[in-house]
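To keep things simple, chains are lettered A, B and C as they appear, and every chain counts its residues starting from 1.
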Amino acid sequence: MKNSNKLKQTTDRIILFFIYLSAFATALILVSIIGYITYRGLYRESRINKEILESRNIEYEFDNEKYIFLVNKTLKRNSLNITELDQILEKGIKNWSSVSETRAKIKIISLFRKEKEINRTYDIRNISTAEEMIKIFKSEPGTIGIIPLSARGKINLKNLKILYLDKNCVAAGYKVTEIINNSRLAVLSEKDLVKITNGEVSNWKEVKGHDIPLEMLSTADQVAKSSGGFAVVDYRKAVESGVSIIPVSYVRKGANFTPGFLFDKPAKAGKAGGISTIIINTLFMIVLTLLFSVPVGVGAAVYLTEYAAAGKVLKIIRLGIETLAGIPSIIFGLFGFIFFVDILNMGIGLLSGSLTVAMMIIPVIIRTSEEALRSVPLSYREGSLALGAGLWYTIRKIVLPAAKPGILSGVILSIGRALGETAALVFTMGFDYRLANGIKSSARVLSVHLYQLVREGISFERAFATAFVLMCFIFIINTATIALVSGKTKYGEKQ
Amino acid sequence: MKRINTADKHGKGIQVFLFLFAITSVIIVLFISFFIFYRGFPLFKNHSFIKFLTSSTWDPMADKPEFGILSFIAGSFYVTGVSLVIAIPMGIGTAVYLAELSAGNTAVILRRIVELLAGIPSVIFGFIGVTVLSGIVRFFFGGTGFCILTGGIVLSLMILPTIISISEVSIRSVPSELKEGSLALGATSLQTIFRVIIPAARKGITAGIILSIGRAVGETMAILMVAGNAPVMPDSILSMTRTMTMNIVTDMGYAEGEHMTSLFSTAIVLFVFILIINLSVNYFTHRIGNEKQQ
Amino acid sequence: MRDDIIKVEKLDLFYSEFQALHNINLTIPENKITAFIGPSGCGKSTFLKTLNRMNDLVEGCSITGGVLYRGNDIYREEDVFTLRKNIGMVFQKPNPFPMSIFDNIAYGPRVHGIASKNVLHEIVEKCLRDVALWEEVKDRLHKPALSLSGGQQQRLCIGRVLAVESEVILFDEPTSALDPVSTSKIEDLLDKLKKKYTIIIVTHNMQQAARISDRTAFFLHGRIEEYDDTEKIFLNPENKTTEEYISGRFG
């Protein structure tokens, strides 16, 4: 008897522990989701692997002469790597937008006394005075000015900056990058690179490589012949000699979400720029959706609470609403795709998408509005009817105003659902991230944008920033709903 | 003496108008049913319906195309199963805590948390699945991390709020006399909860679970992002899978002709399943209503 | 004989199968206060509601017989709205609308098509004076009506009925939710109002009926047991059960 009691107590305790654990875990899940998205949304710490080191050299050597490159300060790049520079000089790249977030035509000018070898190789316009050069910089923001290193002091750098050049790489002996036991040294961290150049490393295994002695060398050709050699060499020479190049991973830290992200247009499939047009498209979608769904939803709720008499018809209507609420969004998407896009010939765009989402949120609006209408005291209706008012007049003047906070909170709740919808929108509203220019224009909304960024692997940083914005909206909506429900109406307390 | 009454000038017209709004839902459901069947049914002129359901060969682009969705049905079944295994105990546990063991601010805050969890868009759950959960699964179980298990975990987070709130409501609606009766007999509060309250609330809890099965089976975006999307028969909880919803959304972008029709045929199976779920929820909640009246 | 404004003939009332009123016959005199008394569930409130067809709102409610208002059967009339304007009603619990004091009084006139601001202002002031509320609220006409005390709210609700120029006002236990001071104010008010209006009041409080009414009907089990001048009912009832009820032996 005593034993069984003890056993019972133990089981009780285990069960109790489990209950508390579940409750705690539920809270923890939400907190972690919000915390993680906020953290990664605001702050980024990502690694980029680069074959060409960020060596930030200032001069460019051509034909045994040294030059520096000048650009406008407003340009969003501080450095170019050697291959990018070659492409620019050879006119493979004609606009900054392909290597930077700045949109400007690239124009190359130089300040040489006489025609040089470099002018003949590349199409470069010669400028005679420093003043003229500065004038061109002003009128053509995408200008690159090439001046000999020796002429550096002659130019006023007030609105200009030096464009640094990344041209070195890590060369390693042939054994270092060999695959042994399914593993190889694929990348070197920035820290390890510093360690090696400081001479603190004598074996490759100290930097996560194979067990090969590390030999400090100075040219690419030397490294190419060695088994465990190491040297920082000119990238072009390394490529020529065929030596193996080890990329270095750089850690990028800093703010991920910036105000600019909200106000800039997206560019390059979302890889660059912000989400301003996508936010506006989302607003368009929500306004249209509410336009279609609120009158129908509130109207239906008024009918159900104020007019409908119990019976078969009412049962069918209720079953219809419940069924509609349970249909998965992909089915709505399919239906929207055949019915609105195809049969009604609305095309993939705002109108089709909004109508599709409107169908999905009608049950939410009906349910919350009905609750709000039912909570309006019967005595209000009686008082009005006893004064000789009609039912519709009473509903309009007394019942609906009194139920307004509840109805509004339902509407806001349904905005939250519309905001998060993805599956139904992909094939009814489309992916275009430009600003919608009409009711039939394809338009990408926040959730679809997030989905695209992740699925196409475009940019996880941008995805986190987008998710952060989306979560902020959801949080605001949730808080507003609660504030409305627990708040007071204009005239007197909530009943 | 007789004046035209401004109060109820449009009374009858308004009533008809509002009635039209009220039956809109019914009309939409009928339209959806009709069009899904209308577009999906023609597949079965050339391909056997039985084979469609029982074959796991999905090769719509071949010269002799084959349409078998058994592996997708299995995929939906597995991910839903995994999600239920996680979400049911956790959801009921939390509901018991909310209804019986918590008080004051803790309960208010936890309830807000559950509401907020319910409001998170599915694409965010999918994103968390891709960036966090797949890594955790990969760390503990190896593989790619994109599999039935990850999908099930993501779905369980999504259906948790449904199970919690419906279970809490049904636990609360158990009459307090029952509870007091049990306590008066010397039962501990836990015994009361598990022997009396949960059995008395089981219809509501069941309805909540069925409802969340419907949500899990119908979920598309989140599961699409984490479950691997391989159109093969899964052989373990760690294999990649494709569910019915994933099949529809994956091929929609480029499908043509009979291939497109087959997606609607998949939707028919999904839709019928969801209808059955809805009707049984309706049946369960109705039964509860009737019992209360008696 | 005095003028009868309402005449009820052979009225039966059913809630689905249940018969709540049996063969009610009575006449209500004009510009007098008529009180209905009786134990809970005797049908007095139900009967009151048949007089302005508020029972229309109750599902499954049906009647036979007739209620004549100024000689016209109100159940044959199509226009229930004008009827309710002529026969106003004040409820047990004060039920001001969730709007301002001004809008509460102006609601009825607006319902019946008065839109002019000046006219509405006049009506509001007059009605509030009539219910002795003007001095108390004239500085805060646009404050929420729900901020008033219970007694003030009930006087506001009476004022609301006056504003639609009713001829008859039905009171359904108007003071049962109020304190004694507010109750006596309402009773004084009723006494003043009977010069211009016909008043019918349902009350639980027999002293109240004795104090203010001219005629009293005693209801029991959905029937009128006795209907006569108030003095006669309270001092010298004909019916044995009436006497027992009035002396407090049951109910």
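To be clear about the criterion, a residue touches a chain if its C-beta (ideal position, glycine included) is under 8 Å from a C-beta of that chain, and two chains touch if they have at least 3 such contacts.
Small disclaimer: the values here were computed from a predicted structure and weren't measured.
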For the chain pair with the highest number of C-beta contact pairs, give its two chain identifiers.
-> A-B
Most distant chain from chain B, judged by the mean position of its C-alpha atoms = C
Find the most central chain, measuring centrality by the gap between its CA centroid and the centroid of all protein CA atoms shown.
-> B
Between chain B and chain C, tell me the centre distance in angstrom, where each centre is the average of that chain's C-alpha atoms.
-> 54
Rounded to the nearest Å, the gap separating the Cα centres of chain A and chain C is 67
Whole-Å distance, chain A centre to chain B centre, using C-alpha means?
-> 29
Residues of chain A whose C-beta touches two or more other chains = 388-390, 393
Where does chain C touch two or more other chains at once, residue-wise?
-> 81-82, 111-112
Could you list which residues of chain B touch at least two other chains?
-> 5-8
Using the touch definition up top, name the residues of chain C that touch chain A in the complex.
-> 52, 54, 57, 59, 81-85, 88-89, 91, 93, 95-100, 107-108, 111-112, 144-147, 157, 160-161, 164
What part of chain A is in contact with chain B in the complex they form?
-> 12, 15-16, 18-23, 25-27, 29-31, 33, 36-37, 40, 295-297, 299-300, 302-304, 307-308, 316-317, 319-324, 326-335, 337-339, 359, 362-363, 366, 388-393, 413, 416, 419-423, 426-427, 447-448, 450-451, 454-455, 460, 463-464, 467, 470-471, 474-475, 477-478, 482
Chain C-touching residues of chain A, taken from the complex the two chains share | 309-310, 377, 379-390, 393, 397-398, 401-402, 489-493
Along chain B, where are the residues that touch chain A in the complex?
-> 5-11, 14-15, 17-19, 21-29, 31-32, 35-36, 39, 89-94, 96-98, 101-102, 109-110, 112-117, 119-124, 126-128, 130-132, 157, 160, 164, 188, 190-191, 194, 211, 214-215, 217-221, 225, 245, 248-249, 252-253, 263-264, 267, 270-271, 274-275, 277-278, 281-282
